[in-house]
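Common to both upcoming complexes is chain A, partnered first by chain B, then by chain C.
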Partner chain A sequence: MMKEDAISKQAFSFAADLRRFTQIIFSRICVSSAFHLRLKKTIFILWLLFGTSLAHAAKIGDLRETDWLEQAARFWSLSDPAVVNALIGSVLMGVCCGLLGAFIVVRKLSLMGDTLSHAVMPGVALGFLWAASKNPLAIFIGATLAGLAGTWLVGAIKKTTPVKEDGALGMVLAGFYAVGICLFVMIQRSPTGNKSGIDKFLFGQAAALSTQDLWLMGIVTACALLAVALFYKELLTTSFDVGFARSSGMATGMLHSLLMSLLAFAVVISLQATGVVLVSAMLITPAATAYLLTDRMGVMLTLAALIGVGSAVLGAFLSFLGHSLPTGPFMVVGAGVAFTVAYFAGPRHGLITRWFRQASRRRRVRDENTLKALYHLAEQSNFAEESFNLGQLAAQRNESLPETEERAAALARAGFATVVQATENGLPGTHRNVQLTPSGWRRASEVVRNHRLWELYLTNAAQYAADHVHDDAERVEHILGEEIVRELEKRLNYPQLDPHGKPIPQTLQPAPAGDSAATGYRQPGS
Partner chain B sequence: MNGFIPAFDFQTVFVEPWQWDPVGTAWIVGMGFLVSAACGLVGTFLVFRRMALVGDAISHSILPGIVIAFLISGSRGVLPMMAGAVAAGLVTVALIEAIHRGSRVKPDAALGIVFSTLFALGVILLALFADKVDLDPDCVLYGEIGLMPLMQEARIGSVSLGPWPVLQMGIVFLVLVALLFLFYKQLLVTSFDPALARSLGIRASVYHYGLMFCLSVTVVSSFEAVGVILVIAMLIFPAVTGTMLTDRLPLILGLTLPLGAMYSLLGFHLALWLDTSIAGAMVVVAGALFGVAWIFSPRKGLLALALARRRIQHEAATA
Partner chain C sequence: MSPDAAPPLEVHDLTVAYHKRPVLYGIDMVAPAGALIGVVGPNGAGKSTLIKAIMGVVPISGGWVKLFGKPFRQAVNRVGYVPQRESVDWDFPVSVFDVVMMGRYGRLGLFKRPGKADRDIVRDCLDKVKMLPYAGRQISNLSGGQQQRVFLARALAQESDLYFMDEPFAGVDAATEAAIIELLTELKARGKTILVVHHDLPTAQKYFDRILMLNMRLVAYGPTEEVFNMENLQKAYGGRLNILTEVAEREKAVAE
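Let's turn to the complex of A and B:
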């Protein structure tokens, strides 16, 4: 079954070069030999994705064959017209797919893109047969028609049979693809088919783009940009609220057809670069990555286009390194890496980002609880004492001494408190004391104030019983911001005492003089 | 265009292969039948669970699983391939879940991202390790069912049991049938009424992952014959064609067998006639048969619907 042709041999020699290179790198960083082999295989791909720039810096004079390095130089010097074509093509494709993909992703039509990209196959083959050569225009027309026929068929199956959307999509995808495969094989077996280069449509080869292809790509990308610019408001509205769009008189059906036609165009022009199988990934992945990074549609469109361009250029470059490696898979893996990074480290929705945010919130809540306990201790001594030993604090918090020591250390790190050796009769004692700094004191007062204000608000405004408000206040005290606190104070008429009769610490401003008689707690119903 | 479609000759297309090489022809057609029937059984439940495209995703993403299993084990044995495929299949399902649970990306986009990226990884691995991995990317896409008679034969003593892939597919098919009989009720309930399943104490997730396991095993056994993309057709077409004809699940499941036989036999001869990919032709036949059912189905077909509409209009006009 192995294909003994020039392509796989080239790929083989390229792979051998890279393996030799990785071996040298690995022998230098002394990986323990047991994992050597497995690790090498895994890291190899990672290295391929990330390490290419690093490879320039590494001394590789001891490599005999620097074929791939020459290739890299050739790529970036742009001396080869095929490279220029591949680059321009990748950029155009990235922009076009990113822009349209953004609408596909927010409309939950991602898999329509997948189906469409497979459905164009028979059109490509028929266009090829019609023109009897690789004429871009004939292929473009054939593929677009096939793609639109596929989209229409999905709708028809959904409307007139009990088959659900996923089934209809899968059927059209596989059925059209099968017709395409049959035609491809027939073309390849026909006398003119051998040199046709039609097999490049399966996995893509950006270096095979002709000037004619580029013109077509340019026109389609311009059309897509123009359509998005002209109908931005309409596309946005129909994407998020079809009912509203219809009621405000937008031609939603027309807009859907417009989007589908543009999508078919985009798929067709991307075929040469990424291949039939993986076009849909170039539509979905950059757009979904952008979706993770922003909440604004305009920003999302820009980001999706940029990520599309980035992964397309990266894919073209990596596949160029290995002569005849297919372009599409590298582009898709590049986009996949971008998605993974955004998934974990996106500034707002990233998994790790959220985890850090939660951890810091937990830390803050813990610090504030310790501060509150210190405030309570101070209150018990009628604010006579200023420093408290850790044993007292532990008793107040119902914690063990080591735990409390950790808490006190955390407060010291945050600058809220200092931990000092207690003095007994002027001599260093055995206990350790914790003393609040001014900022710690302010924060502690704020938390206690939030707690007591909220308790008061619940009893007065929400008619809670005074003994039911503590637990809720325990949670809310950490979240209340200054503005809400001010609003609460105003509504409660600048209270002095909480429902349990304890004074509410004043931290923002002293109560206005005229209201000095304001007692905090009103009896319900009074 | 001239001569692109060869002249049809009943003798050369339908009779001669059976005269020249009856055994080889039988293996090819038999493999086609086993693939369609096994995929049809698993696919029916996928379609009713609205997971048809999960089949699509898994069939793509087992590619890196197989290639990595191949690189690690260095052999094309059944067990490493199965293990690689099942691992890749479960990883796919888990990744899709993780993406749409852990971020705001919708499930459909998550599915598209996962399978295309994994498939791309598989293709890259194949291209890079072409010297080691005895798989051809083109074959991955549309299969090599025509090579079945040339595959290594399974033997017990001196008795030939047929080519390995066919035997493997046969075993998978029989196991699937057995599992179907054992767990029919549970599968039925979890597919159609998850709430009832929960109240009956049936663990839906067990059957979900069990189905995914069966799917991975079936797909990996089939993909050598029909390629990753045409497997999807084999998963979906029998079920939807059956749905056009009847509402009863046992009948739909039963119909996958004659449908599979028709796909295989007609597809084989269509491919002979047109001199093209057998697997592709099988799916073309599957699509055509669905088209026939879509139009002519006695109760749900387009014709029946049109006739019913006319009768109602007629009655409304005369009343």
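Let's turn to the complex of A and C:
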């Protein structure tokens, strides 16, 4: 009696959740950003987890610390065959999804992966009904067929109607998913439905993987590895430049079909572990994370596979800690955490990295401004003086003496200057002097040259008034490269004076042969 | 007698349609060895489509194409291609070197990995376009002109006899433009045949020794000085008087 009650309660909440799901899914069509969707979806599902599994929630509440440790020990001792299966499955899935996902991401087919993963759902249900049990092979065949049908339908809608690809993907995704949900409910309501384990396909349960499942996963992962190893250069070329690939005789259509078939297989074998709803996140998130971390395809493939394995194993472990909580959401959260870390600390695009880069740029600008001030001091002395005391420099920079001392020390650290005790009548004096090293002198001349060249360019070529150009040159002087400087010099016909009548310093690097001889511009102070 | 009795490129009654809308009608042309041919015409004239159709990048709906007397499939290793720069994603995770290496893949064929000889060729080609110092860089950090040079190096790495270039001069700096012209001249001197899709009429007259004027159909094809006249330009460009007057001005200036 009690049991029946619980079952009907579960069925009821399941139906309510389906309603919400469908609402969410339909609302998704309007939103275009795949990543945003995934984030929303993940949050929703996490919320859903707490809603649906009241029983689980009660269990979590009962968990004591010793219980957690016990579960962790049970997991990592690998004494439980279900744990071993879950681990093997997670590793296989991580590798397979990571590898294929990397190609999906660089080919901008992420939404296709999402659609495919939802489109397999009716196939899972039909395979289930056909075999009347959770037969992996029947489900595999059913799901693959449904996935291919979904892909074909997207293509057909695109070709025969004015609806564009995103619209077609959205419709097919939601439509197939809706049909799948209906079939799932039918199976759930059937007399044997609750024992069927079909609900595992919604959110995934790695611990429920059978040996047969693992064999399928192994075969598909081996195929994916083999395909990537054998056709790496073709897959790379077609992903980067499909027109060029075709012109060099590659069978681009066949390669695309190969990739899409492998993708369909990968989705299907991952269903058990991740669930229909979240499998596309396992395809995309590890690959997108890897994309943030590297700029080489080979490295990206390896990283995506590793991140995939890492988050899959983590998901399996966390789900085991919580006594068979669904694995999928934990895996995806794991991948999401990896992405977040890469987002902040990635070597090229990471926020923290960017902050460091900007800080070092600011440092460089400060150094260069100090160098420029020293150049100006030298210029004021008609290049007679070579070393200047810090008080002079402070006045030139309009800074306090301690600040200037700091600046001079920074220059010394960078090897641009030396700071020495000034001598007065051959005896050590009270002042400290700063003197540029050859490299510091060169850099200072370059910055001043950049500044004056740019001012001249703005007044000459862009017809700015001479009093309008200083502030702009203050910024630009730090970013002009040697190549642009040469071009500016050429266009301005190797000028000698800036718009304010000050000489433009000669670069100490040799000027291009032939150019300088005729027009050669003078050494500072000469 | 050269080993190639057949011309590098022979196009007969070529018709191409996108979604059943014809974009090129019945094109006939023969390109002799060592010719530097400019393909010109207004926007939407089918210039890019022509070279893509010749290489089988877009399907043809009528006529035939022969390269060195053979269908494209059998001559694929004698063809080099420089696509439009905008046709690819420059954030793609590959280095300059990787992109140029793609020029070797067609020759290598399936299941073969590039060896030392291929890497040497790639470096040589990068050096020729002065991009060797950038070999290890990721392609997203390149300027427009540098991107174009990478594509040129990739085409050079194909070691072909017949080159197709799609607007290589579009949006490049003066130095790159000069480098491209030098390269074209050198290729021509080595007996290579080159078809260049080109947008700018005044320079077309200067750069190419043959002009193929296109506006969905072949308007004129032949040596530049014969083809480049008001009548043909009028046919190809219709009422676009501003360009025509500008070109006429230049023609006058050249004649004087």
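Heads up, the rule we're going with is that the second predicted complex is superposed on the first by the 315 of 526 C-alpha atoms of A that agree within 3 Å, B and C clash if a C-alpha of one lies under 4 Å from a C-alpha of the other, contacts with A are read in each partner's own complex, and residues count from 1 in each chain.
Throughout what follows, a residue touches a chain if its C-beta (ideal position, glycine included) is under 8 Å from a C-beta of that chain, and two chains touch if they have at least 3 such contacts.
Since we're looking at a predicted model, the values are computed, not measured.
Legend: residue contacts after superposition of the two complexes on their common chain; A:167 is shown touching chain B, with no touch to chain C.
Judged by the touch definition given at the top, the superposed model places A:291 against both chain B and chain C. Partner contacting the larger number of chain A residues, of chain B and chain C: B. Of the two partner chains, chain C is the only one that A:247 touches; chain B does not reach it.
Of the two partner chains, chain B is the only one that A:280 touches; chain C does not reach it.
When the shared chain is aligned, chain B comes close enough to touch A:178, but chain C does not. The intersection of chain A residues touching chain B with those touching chain C, taken from the two complexes, comprises 108, 291. Residues 106, 108, 230-231, 233-234, 236-237, 239-241, 243-250, 291, 294-297, 299-300 of chain A touch chain C in their complex. On the side of chain A, the complex with chain B involves touching residues 1-3, 8, 11-12, 14-16, 18, 38, 41, 45, 105, 108-111, 113-114, 118, 129, 157, 160-164, 166-167, 169-171, 173-175, 177-179, 181-183, 185-186, 189-190, 199, 202-203, 277-278, 280-281, 284-285, 287-288, 291-292, 322, 325-326, 328-333, 335-336, 339, 343, 349, 351. Within the complex formed with chain A, the chain C residues making contact are 52, 55-57, 73, 76-77, 79, 81, 83, 87-89, 92-95, 98-99, 102-103, 105-106, 108, 110-111, 113-114, 138, 140, 154, 158, 164. On the chain B side of its complex with chain A, the touching residues are 1, 4, 47, 50-53, 55-56, 71-72, 99, 102-106, 108-113, 116-117, 119-121, 123-125, 127-131, 134-139, 141-142, 144, 147, 229-230, 232-233, 235-237, 239-240, 243-244, 271, 274-277, 279-284, 286-287, 290, 294, 300, 302, 305.
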